[in-house]
Amino acid sequence: EDSFTIAGKHYKSRLLVGTGKYKDMQETQLAIEASGAEIVTVAIRRTNIGQNPNEANLLDIISPDKYTILPNTAGCFTADDAVRTCRLARELLNGHKLVKLEVLADQKTLLPEIVETLAAAALLVKDGFDVMVYTNDDPIIAKRLEELGCVAVMPLAAPIGSGLGVQNPYNILTIVENAKVPILVDAGVGTASDAAVAMELGCDGVLMNTAIAAARNPVLMASAMKKGIQAGREAFLAGRMPRKRFASASSPLDGLIG
Amino acid sequence: EDSFTIAGKHYKSRLLVGTGKYKDMQETQLAIEASGAEIVTVAIRRTNIGQNPNEANLLDIISPDKYTILPNTAGCFTADDAVRTCRLARELLNGHKLVKLEVLADQKTLLPEIVETLAAAALLVKDGFDVMVYTNDDPIIAKRLEELGCVAVMPLAAPIGSGLGVQNPYNILTIVENAKVPILVDAGVGTASDAAVAMELGCDGVLMNTAIAAARNPVLMASAMKKGIQAGREAFLAGRMPRKRFASASSPLDGLIG
Amino acid sequence: EDSFTIAGKHYKSRLLVGTGKYKDMQETQLAIEASGAEIVTVAIRRTNIGQNPNEANLLDIISPDKYTILPNTAGCFTADDAVRTCRLARELLNGHKLVKLEVLADQKTLLPEIVETLAAAALLVKDGFDVMVYTNDDPIIAKRLEELGCVAVMPLAAPIGSGLGVQNPYNILTIVENAKVPILVDAGVGTASDAAVAMELGCDGVLMNTAIAAARNPVLMASAMKKGIQAGREAFLAGRMPRKRFASASSPLDGLIG
Amino acid sequence: EDSFTIAGKHYKSRLLVGTGKYKDMQETQLAIEASGAEIVTVAIRRTNIGQNPNEANLLDIISPDKYTILPNTAGCFTADDAVRTCRLARELLNGHKLVKLEVLADQKTLLPEIVETLAAAALLVKDGFDVMVYTNDDPIIAKRLEELGCVAVMPLAAPIGSGLGVQNPYNILTIVENAKVPILVDAGVGTASDAAVAMELGCDGVLMNTAIAAARNPVLMASAMKKGIQAGREAFLAGRMPRKRFASASSPLDGLIG
């Protein structure tokens, strides 16, 4: 059966989801269930997973027994902050080593700060973490992060929370072609077809949050995304027909327009 | 449960498929099963559904007990030819009234001949047929065909057999917004995300053949398309987030670039 | 020198402009001068070119001695209305035979009504007019209009006043490849690169109004459009490099993504 | 008059060109003349500008009296190589301080190596060079290069020699909006409309080589590019109309499709 592997663990669901921006805990839970996700990412700086013993704990509804909890460093703007946050997560989660590293450049764009990201990735790998790393869509940077020892590389489709879909499919394709670790699109997907496009490019999975949480009906959108991911994955494996101007054309498009 | 209605009959599957270009009858059968289609279109001029009693009959594997058989007029280049072909189909199928009308302009482009299509649609409606009609993506022509009494209007996404995907989403959107009958994209879809895009525009369904039959693995692509259609439908119903430049933007895109 | 011919007359400028939506007569005049246009289209139903002897006459600033005046049937929604309007124009312009036919479907979309357009074109050609005809981007309809005897066919890039640019480049390309009369994109261009794209597809010219008149600085935009048209024309004649994924690729894009 | 400034010198032409891939010296010269370029970039590792006294010297046809010669580090894959090459150029050109820095990652993609680029930029600025720097289209990296003291930042539109045009217009727009130094698109332009698009995004200029040299008629394409750049610049200054679905729409596109 089709699956992919991160840090030695196999996953059948290729849709990874976040927990932010939902109306309430119940909607969070229902949407995550509908998504079929096996990996759920949690912003350690914004979400209580035990830091504040007297407040509602997300892990009560998203149980680590059922889901792989993926602590992330959202809200960190330096390598130091990110490393510190990962260590806190590891403590809170009893030695859990899998983290999603994101070092952002600023509050306005939420784009990754690549130099700090590279530094943090190196530190975290050295410190024994299994690092999934959020990055821009530069194929060379993606390769560097793989070479540093990251267990998965996660280029953006478009800025976080933009919903613009895959802005540069050739870059994503090049990243996929060059990779020996799983490539997951992280950020920028807006609707189900965007998720399918990412998978058709050969990505191993897609991580998203806003596209589900900010839909009019998040639970239904979670289901749409689950199917969109599966559709794109199967289409990738099935090998699509070439694009041609007409059925009667003897060769595919020649690159003169497009 | 979500369904749509053509000529008084309800359908849950929004993926309609053809039977051409497969390697053999078995692949045809397996792909159609994997697609989950409830409506299967058959080119009366190319496929034996009883005209030639001594040859293999497609209906032996695609049973009218299980599927709604949708005879189509592929290969007809005039209104007269198309009307004659529909009458032959009605005879062969014991009075079956549902047909897919296509009057093509030429062998090279396989684009619809709109003037002949309008004429044939009027004749067929008058003659008691339930007409699903293949057309270009002109919103005004689509409305005329609805006004003539067609039970479904089927604009192209792109030329038949091209696999280019939806070339003019605004036209498809306008057709959908103006319609009182089901709108199904017919022709031009190439991969699962294309099908999802059509559904996200609000189409009631998608009809395809080459995108499945000409994939490297047609049966798997049929499954991909089934899920892509469902994903797009659910995303449409769920109401996607607006596209924005950044999460921090207070308003969606302003139309200055794109 | 590079030129094209309509109804026996040669033109060097491939930018045709309208006269609507400007702030005042002076801006109209300055923008048209900056555009370098040799053909200026005038909506007979909205513009005084002599029908109302006591009002300002557009021909006083856009002189028929300097420009080819192209009366158009904007605001006509039936073939009859359009034919009547062309005859009025011929009278007002002393037997002038060149007209731009447009029969629109409705006020909301301003899309062409193709059946009425075909009827009107046939009537006008029979009545001795030289007909330039506004149409949708259906390559088959474009060919029919040429076969009816129109001297130029003018498919839309996108709806009138939308500024969306060329929505379906493959359709425009097919129209150009099949044509024996000049093909001019009419309507939908929004900025200079859109005009260049139309010309790079091999069009003989572009007609526009809103893109110039509704720019913040119409006179400067007119100059931009003039250069954009020339740039696109020269690029078409120069023969562009093929699109490839990398300089090192031995063949152009293969149509698998795009 | 409209101009932009690099290292204290004003330029009216916003088209910068390379000298590679031409048939012969004469074609190089004619194309560069037709382009109207004032800045011509020269690959020090591939072109003789005096290193080999007994061979043809490019400067004999592209005179430093007439053009600003912009030595570039094409073919350098490390910061050290690039710095060494710039110093050689400075010597050959009598203390000339303006250079275009490019540190590439590999021969296949010719994509920039961002970490080495940052290192080289810092070294060169410290050593007194005026550094124009080739980079990816990451807005954060572009800002870092500006902060290091580069006099111009040159993001790619697409990979060198690809001719794909601007792949990520939102990134280019963000780079432009954030910049205090000139932003010039470098690499990836394929035809005149691509150049116009870059300028309409607000770029200060475009540098290209293959799009001209690999056209069927390079000299004519050089002229097309000159006009395309001017058209895009004027359109940017003129302020384009908003994109709308129809003229009758009261607001621009809402970001739900596109």
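A, B, C and D are the chain letters, set down in written order, and residue numbers restart from 1 in every chain.
As a working rule, contacts are C-beta pairs under 8 Å (C-beta built on N, C-alpha and C of every residue); 3 or more make two chains touch, one makes a residue touch a chain.
Source: prediction; values computed, not measured.
Steps from chain B to chain C, taking the shortest chain of touch contacts, total 1. Chain centres here are Cα averages; for chain A and chain D they lie 34 Å apart. A separation of 47 Å divides the Cα centre of chain B from that of chain D.
For the pair chain C and chain D, the distance between mean C-alpha positions equals 35 Å. Looking at chain A, one finds that residues 109, 159, 163-164, 170, 174, 200, 240, 242-245, 255 touch two or more other chains.
Contact topology of the protein chains: fully connected, every pair of chains touching. Within the complex formed with chain A, the residues of chain B that make contact are 107-110, 159-165, 190-197, 200, 210-211, 214-218, 220-221, 223-228, 230-235, 237-248. Interface residues of chain D facing chain B in the complex, by the touch rule stated above, are 169-170, 173-174, 200-201, 240, 242-245, 252-258. Across the interface of their complex, chain A is touched by residues 105-106, 109, 111-115, 118, 136, 138-141, 144, 158-159, 163-164, 167-168, 170-171, 174, 255 of chain D.
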